[in-house]
Amino acid sequence: MQAMPNFPPPDESMKSREPGDDDAGLPAGTEQSDLELVRRAQRNERGAFDLLVLKYQHKVVKLVARLLRDPTEAEDVAQEAFVKAYRALGSFRGDSAFYTWLYRIAVNTARNSIASRQRRPLDYEADLSESEQNNVAARLKHDDTPEASVLSEEIRVTVNHAIEQLPEDLRTAIVLREVEGLSYEEIADAMDCPVGTVRSRIFRAREAIDRALQPLLD
Amino acid sequence: MTRAAFVLAACLAAFSAHAADDSAKDARSWLERMSEALATRNYDGLFTHATGRQVETMRIVHRVEKGKAFERLVSLDGSGREIVRTRDEVHAYLPDRRVVLVEPRGDEGSLLKALPTPGPKLDKYYDLSVSKGSRLLGREVAVIDVRPRDIYRYGYRLWLDQETAMPLQTIVADGEGNPVEHIRFTQLQVKDKIPARDIEPSVDATGFQWIRTGRKLAAMPQLPTNGGWRPLRVPPGFRLVASRLQSIPGSPMPAQHLIFSDGIAAISIFIEPGAPSGPRPPETSSMGSANAYSTSVKGHVITAIGEVPAATVREIANSVAPVQDVPPPAANGQPGGPAR
Amino acid sequence: MTDQIREQLSALLDGELPKDEMGLLVRRLEKDAALRRAFGSYALIGETLRAPGGRIATTGFAARVSAAIDDTAGVTPVAQPGLAAGAEAQWSPGQESAAAAMNPAAAAGAQRVPLWQRPMVRTALAASAAAAAVLLFRPDAAPVVADLGPPPAASDAMTNASPTPAQSQRLASYMVVHSQYSTPLVRRNVLSSLLAADPGITRVSYEMGEAP
């Protein structure tokens, strides 16, 4: 990622992060908004929960993939974590951020899944039939797929390229928001423009990047 | 409609009826496999149990030795309650009350023999079907629907592991499909062997009061045609499957215990002679998909409890009446007989 | 118009959407798959900028979660008082009606996502059952029954009496006994209920004069 005019050269936050850092990369200032969505979900507005899923799906999948022995199971387990979270919503009281709570559920789900899956191939059941034994062996062979890594690299490249193509004001706005975690008001201050303009610029930046991403993800 | 079209339509109709029949038959055989797995396999798992009010996590350990099943069910949240089936008894540990309820085990005979076989009669009261479901716990599952044909009983949706037929998830719903209870395994090991110590209770019951609610009384295989109490009204399909005496601590007279079942759900009716102190208020209790209703009839306390909607147990309990007939032989000391 | 809505989505992701605009947006999102896709994409963009690398959720993941939730149609988020300032409790025990007591799921404000699309029972009875009206069982072919005498009359109108420990215990022991006669399909549910609930915790008393 190139250095941007009027801003300090890229610091650590722009480099590829080690796994384990991504839970620190939380979009700032959305706690209240998340809480409101949770509250709506508790009142059976399913769309509100869907929004939370859409917002945190990648974080959770990424997190779970790190924890599992077999990353190809990550989506199954992540799905389970979200379903669990949905069913436990009634007990979420808002004393922590929603994502913190979700994070704990995801970690527990991954741990339980390791515990239950580990035992299947390792607890050598005396009466496994031959075909069952073959299946177990086949499962063990599947390691992480190269496709997954390639896709996320492609996404990274596409996003970065799209950002570079943006007009400066859009680029600045979205980087300040997503990377520096500034609020709209702080960005408006930094860019010396009204909040409404900030909101519009960030939106247009996202739209442009989204257009570039769509072919990759369809 | 041309004749050909008519014949084709008839064939299609027959085919889909046949297919529905097949699906029901398929579902029944899945249910059989499931019952067998639950009774005869060794397993250890964690599951969540959710009703409209709360979600709890529990552990179940099931161990079979020499044709006898041992089991331990323990709540991992809050209450710390635990139920253990030992060789001869069922112990229910209630740490919140510092009490252990002890009940002799029903005579199960051979494990498999005790299992009800879901017969074709079930189709009269439930609509059974099978479909494929999304994976659970990384396993392929078959989804069995047991839809009640009336409002007197509950329905079930079961996610059965294709390989072992263990129920990985169960939802109990009322006749309109509204969920009432939800049980789901988050972890399950089906094993070759389970160590005996895993069945031992984890509760420290020092200082607890042990309450033996049932002395071993001779079970009566048949309700005598004379004497006793009967419900005048039961939902269609429920048949009397057992009748026995239940001793009550602190009371010389045992209660009569009738068990009705339609093959899926069971309803117990207890008739206690002599209300403890004055008439007892009618009351409903709801515990997940189990409902209980107590009322008082002619100085007896009638309690109906079962895996059916609350209105059903209420109806049944309210319809229980003494059967006026030839007085029973006095030898077995059973209560009832002519109305007092 | 769509742009305006998508801009709202963008603001929502940043936590900068006024609360009163959320309701409409959430409802729109429930119906519009393209909006959902867009929101997911915006979230992905942020993720990629902050923490590139690692696995991401594939297309359709959120839909699969939603389907899994529907599949289970399960139990129900219920708002807890005190979640946020101004959040009202969804229900309080004193307001339970008899009807609600009949259907614990209803009492808890359960999400009515039925398991089955069409109820099997389409009679007026089904509707009235919720109000715990008279159920009409087919009478069993029963032997002659003694005269029941007058129905339990209103000699004592009972109010909500909380169960004595003895009554609770008796109920618990009945449950234990009963569980031994339950079919395998349901026995675990019954025992789990015993472990989870304090039998008697959800009690509603009826006036003795109430006819069945």
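A, B and C label the chains in the order they appear, each numbered from 1.
Everything that follows uses one rule, which is that a contact is a pair of C-beta atoms (placed from the backbone, for glycine too) under 8 Å apart; a residue touches a chain by one contact, two chains touch by 3 or more.
What you see is a predicted model, and the numbers here were worked out from it, not measured in a lab.
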Legend entry - Selected interface, A-C versus A-B, where C-beta contact pairs are more numerous: A-C
Legend entry - Geometric centre: closest chain by C-alpha means: C
Inset, instruction - Just give me the whole-number Å value for how far the CA centre of chain B lies from that of chain C. - result: 22
Legend entry - Centroid distance [mean C-alpha coordinates] between chain B and chain A, Å: 44
Legend entry - Between chain C and chain A, distance of the C-alpha-averaged centres to the nearest whole Å: 30
Inset, instruction - Could you list the positions in chain B whose residues touch two or more of the other chains? - result: 50, 55, 182
Legend entry - Interface hub residues of chain A, defined as touching at least two other chains: 80, 87, 90-91
Legend entry - Sites on chain C at which at least two other chains make contact: 64, 68, 72, 74-76, 78, 109
Inset, instruction - Would you mind writing out the residues of chain C in touch with chain B in their complex? - result: 64, 67-68, 71-76, 78, 101-110, 112-117, 119-121, 125-126, 129, 132, 135, 137-140, 142-149, 152, 155-156, 158, 161, 163, 165-186, 188-206, 208, 210, 212
Inset, instruction - Note which residues of chain B are touching chain A in the complex, please. - result: 46, 48, 50, 55, 135, 137-138, 163, 182, 186-189, 191-192
Legend entry - Residue ranges of chain C touching chain A (in the complex, touch as defined): 6-7, 10-17, 19, 22-23, 26-30, 36, 38-59, 61-62, 64-66, 68-69, 72, 74-80, 82-84, 87, 90, 109, 111
Inset, instruction - Report the residues of chain B in contact with chain C in the complex, numbered from low to high. - result: 31, 34-35, 38-39, 47, 49-56, 58, 60, 73-75, 79, 81-83, 90, 92, 94, 96-97, 99, 101, 103, 105-106, 115-116, 127, 133-134, 145, 147-152, 155-158, 169-184, 211, 213-214, 225, 230-236, 241-242, 246, 248, 257, 259, 261, 263-266, 268, 270, 276, 279-290, 292, 294-298, 303, 305-307, 309-312, 314-315, 318-319, 321-325, 338-339
Inset, instruction - Could you please specify the touching residues of chain A with respect to chain C in the complex? - result: 13, 16-17, 19, 21-22, 25, 27, 29-51, 53-62, 65-66, 71, 74-75, 78-80, 82-83, 86-87, 89-94, 148, 151-153, 155-156, 159, 163, 174-175, 177-179, 183-184, 199-200, 202-203, 206-207, 209-210, 213-214, 217-218
